[in-house]
Amino acid sequence: MDRNEQQPIEQVLNAPTSRRSFLRWTGMAAAAGTMVACGRESALTIEPATVPPATATTAPAGTDHGNGGHGTGNAGTPTTDSGAKAWEEMDKMHEAGIKLFPAKTEGLSMQPLEYRMEGDVKVFELTCQKTMWEVEPGRKLEAWTYNGQLPGPEIRVTEGDKVRILVTNQLDESTAVHWHGLFVPNNQDGVPFITQPPITPGSTYTYEFTVRNSGSHMYHSHHNSTKQVSMGLLGPFIVEPKDKSKDPAYDKEFTLVLNDTAQGFTINGKGFPATVPLTAKLGQKIRIRYMNEGLMIHPMHLHGMPQLVFAKDGWNLPQPFMCDTLNVAPGERWDVIVDCTDPGVWAFHCHILSHAESEHGMFGMVTALIVE
Amino acid sequence: MDRNEQQPIEQVLNAPTSRRSFLRWTGMAAAAGTMVACGRESALTIEPATVPPATATTAPAGTDHGNGGHGTGNAGTPTTDSGAKAWEEMDKMHEAGIKLFPAKTEGLSMQPLEYRMEGDVKVFELTCQKTMWEVEPGRKLEAWTYNGQLPGPEIRVTEGDKVRILVTNQLDESTAVHWHGLFVPNNQDGVPFITQPPITPGSTYTYEFTVRNSGSHMYHSHHNSTKQVSMGLLGPFIVEPKDKSKDPAYDKEFTLVLNDTAQGFTINGKGFPATVPLTAKLGQKIRIRYMNEGLMIHPMHLHGMPQLVFAKDGWNLPQPFMCDTLNVAPGERWDVIVDCTDPGVWAFHCHILSHAESEHGMFGMVTALIVE
Amino acid sequence: MDRNEQQPIEQVLNAPTSRRSFLRWTGMAAAAGTMVACGRESALTIEPATVPPATATTAPAGTDHGNGGHGTGNAGTPTTDSGAKAWEEMDKMHEAGIKLFPAKTEGLSMQPLEYRMEGDVKVFELTCQKTMWEVEPGRKLEAWTYNGQLPGPEIRVTEGDKVRILVTNQLDESTAVHWHGLFVPNNQDGVPFITQPPITPGSTYTYEFTVRNSGSHMYHSHHNSTKQVSMGLLGPFIVEPKDKSKDPAYDKEFTLVLNDTAQGFTINGKGFPATVPLTAKLGQKIRIRYMNEGLMIHPMHLHGMPQLVFAKDGWNLPQPFMCDTLNVAPGERWDVIVDCTDPGVWAFHCHILSHAESEHGMFGMVTALIVE
């Protein structure tokens, strides 16, 4: 099975099948756009309440004031006057966001973290640092990251592995790392003043433990955590089971880290249209590892195909269940299998709609599953 | 099994058993009301934080300043001075709300949507339109509805049916319809610029697909959805299984669409006291289909009898479980059976109490199960 | 099996094993504190958004401006100038909170409620009253309590018991008691104007019913409930099963009532560091009864050991499941077993981090499981 594909952007854009269906309407819209000339500035009135300030999109205020993507439907044609109407401006913004997807941004997320062996111990290194983070094209914010990534690099080991993790703090305040979901000796648990001293600015701290339980876990700051985790000190810690038969069969896997704090509404540190689509070939089974590092629930709704939920917090459920909308609460991880039986570009988003769409178009916690 | 009863108001008011218990205390209170004379205006201080602006109730500022419903309990009698006290005013407002329940309002919800056959296809028609919607007696708001109903008309078919749905847009902005929970071909999925062009103002768009999966589903706008779904573009899409043995046995069923957006806190588009009670005869089993179309969770608490939860998002659970408070997240649907073993008027409400009661009395997401 | 230990503070402070690990780092920090002299006032800038006003901690503005708990880690030493730095001030505040835990406050919670027998009926008495309630050291607020306790006294009976509960209202407004989760005759259900008159100020009302179902239940006001439950009119109602084999085996039990209203973020009416730790001996199994009496979800994350979830709302699940983070919604109760296999002081908190930690340090919904 493959790992997450963090940069499939060009591949996806050039893939024959998925882009064909995906661009059918946007292409249509672009063509239609030439049919209407107009010179007004946007007359859109945006309701502030539905546009979180942290997530204002940056749809380019271009000169292409076309009648974007209105289509004609099967009957009836809207009468248009000489100027662009509010709804045409709105549709144009919605279309512009879709056309940008998946949009290129600077900054990689969750790259596999290399390790070196020292005896039988896998040694990893994490550095807490300030990073200018591009959430969506053009929206850059100071983030606090592990190794410049948000979420931090993926630590992936196998049940029973011995690990040593050196954490260097290059921030202006102390920190500590909690291995959320892993069962570790108390003095490796990462809670300052209870199990260890804080890792002060400029210092390095070493964690060392044997990985006892498999599953989809996380690591994140446990010091001034509302601020530090919000700013980006979080990452996935995935433990493959020693007994592979514990896992259901799947061909590919994806980790989706949900967040709603300092970067706005994000999946894997990016907001739509900079989120990365999940891709699969028809007939493949994919595994999705949901992890909520935010402060709100996110009921994740996949269009087109059901989700078979088989594990919570790294523990297999006694009996898997099916759903199309999975409610993921802060701190929880859920693992699901999707059987990719239906080709197409399937919207995939948080169903708290205000986390996913404003009058400017889709933003935040939206991505797609592309089955080709 | 019967369908939802959308207008049982008079029936309920006149039903011998249920109203007997229901009115026992309110009648008592009315009688007691004649015993105390008072002339002060209400001295109630309302905490703004606990009274959402959208849900300020409209308890009539009548002239009946009786000592409403204080009752006497089993021991002790509160000393009253010559003027009505703050608590008496408060109790009177609480009682007034209850006495109005179920209050008549204009506007039907979720009426069965008629269809015509064209060959072997069931053809439905939905029109998106602006409607003045009465949420509670006297509180009317502009809503955007399907066919003038909020939630929209109930589409009910059987697994395997072929359907064609004509959607006409009479709004001032484009729209599109997503069949939430149904497995449809990608190009019928209702996501503008990904699977179709938006349905522009004045146009009609046709969806057509075979219904592949049974269960409690929904349809709603997937364009500018935070606004459009909030304004009312949502409805239930119920698919009966071809194999009826898939469902547990029940005598009656009810759909409860939960919402918390432009109309305030509502069940089926109405706030208490305009919500419709569920009614059943002693010994009947009822099925409740919960659907959350809002932006918040709603843990639904039924008094008196437990809920057997047997399906999520249209999928039967591998093993049903029992509860009295079922947390329903946005986009989720849950199906439960209640065995009506205990007669009486049982309160039934969201247990986020601020969605259900203010110092003015009960409002919003409150109804009752009346077992007679 | 033991009951909750509501006042194990001195015991815990003096317990040899648990305090040894718990104080190791705080002692270390105190020693380190003598090495740095400084005279500046705190330069901490607190982000208002992350410090709920109701939960501002009261860390003493002492004169001990030591380099609190910076530790040195395994490598690197932060350069310090002559004055205390912002991060040192912040760490000192974090440490101060931990050192106070478990902090003494006035006011007991959930003491077993005594009863007297009248024939075969257990007679309990509850008085609704105003109480000055100390949430954390020095933060006292007016609360509305049952018998001066918040949560109210624990009512504990056995399935099949006949109970009579006299409720006296010493508040300035009417009230009523709902037995949340218990199946009672309709006229004992506690909903004013539907099943009974309100209990007016100064009066006493009598409830009487046979307890039909076991499990972790609650009692709380059902009149002006958003305000009254928020102010503190709530308590646990625990029903032991007649057939003890219904429960899994456990050595000790704890009830955790979660809240987020008038007292801020609390567990059993107290905010950290005044919360009471759970204590167990190595190898013991503990049962935790979660009850949410607030308006928000609280995903409760226990470090170190998994939770086996076996009951919801008093009903055994058909199959228990494992987790480390259990999402508890308002009105829900969940029962879990923790097998105390790992010694140490394990953080235990709501994983909505803003309910648990600010730049001042941990507060609110934080406690610990101490396994010795």
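The chains carry the letters A, B and C, assigned in the order they are written, with residues numbered from 1 in each.
Basically, a contact is a pair of C-beta atoms (placed from the backbone, for glycine too) under 8 Å apart; a residue touches a chain by one contact, two chains touch by 3 or more.
None of the values given here were measured: they were computed from a predicted structure.
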Discussion item. If more than half of the interface residue numbers appear on both sides, call it same; otherwise different. Which is it for subunit B and subunit C?
Written reply: different
Worksheet item: What's the rotation, in steps of 5°, that superposes subunit A's Cα atoms on subunit B?
Response: 120
Item to complete: Round to the nearest whole Å and give the separation of the Cα centres of subunit B and subunit C.
Response: 34
Worksheet entry | Contacts with two or more other chains, residues of subunit B listed in rising order | 297, 319, 327
Worksheet, complete the sentence: In the complex, subunit B touches subunit C at residues 21-22, 25-26, 28-29, 47, 50, 69-79, 86-87, 90-91, 94-95, 98-99, 297, 299, 301, 303-306, 319-325, 327, 342-347, 351-354, 356-359, 368
Response to the item:
subunit B residues touching subunit A in their complex are 166, 168-169, 172-174, 178, 180-181, 183-187, 189, 191-206, 222-227, 229-230, 295-297, 312-315, 317-319, 327, 329-332
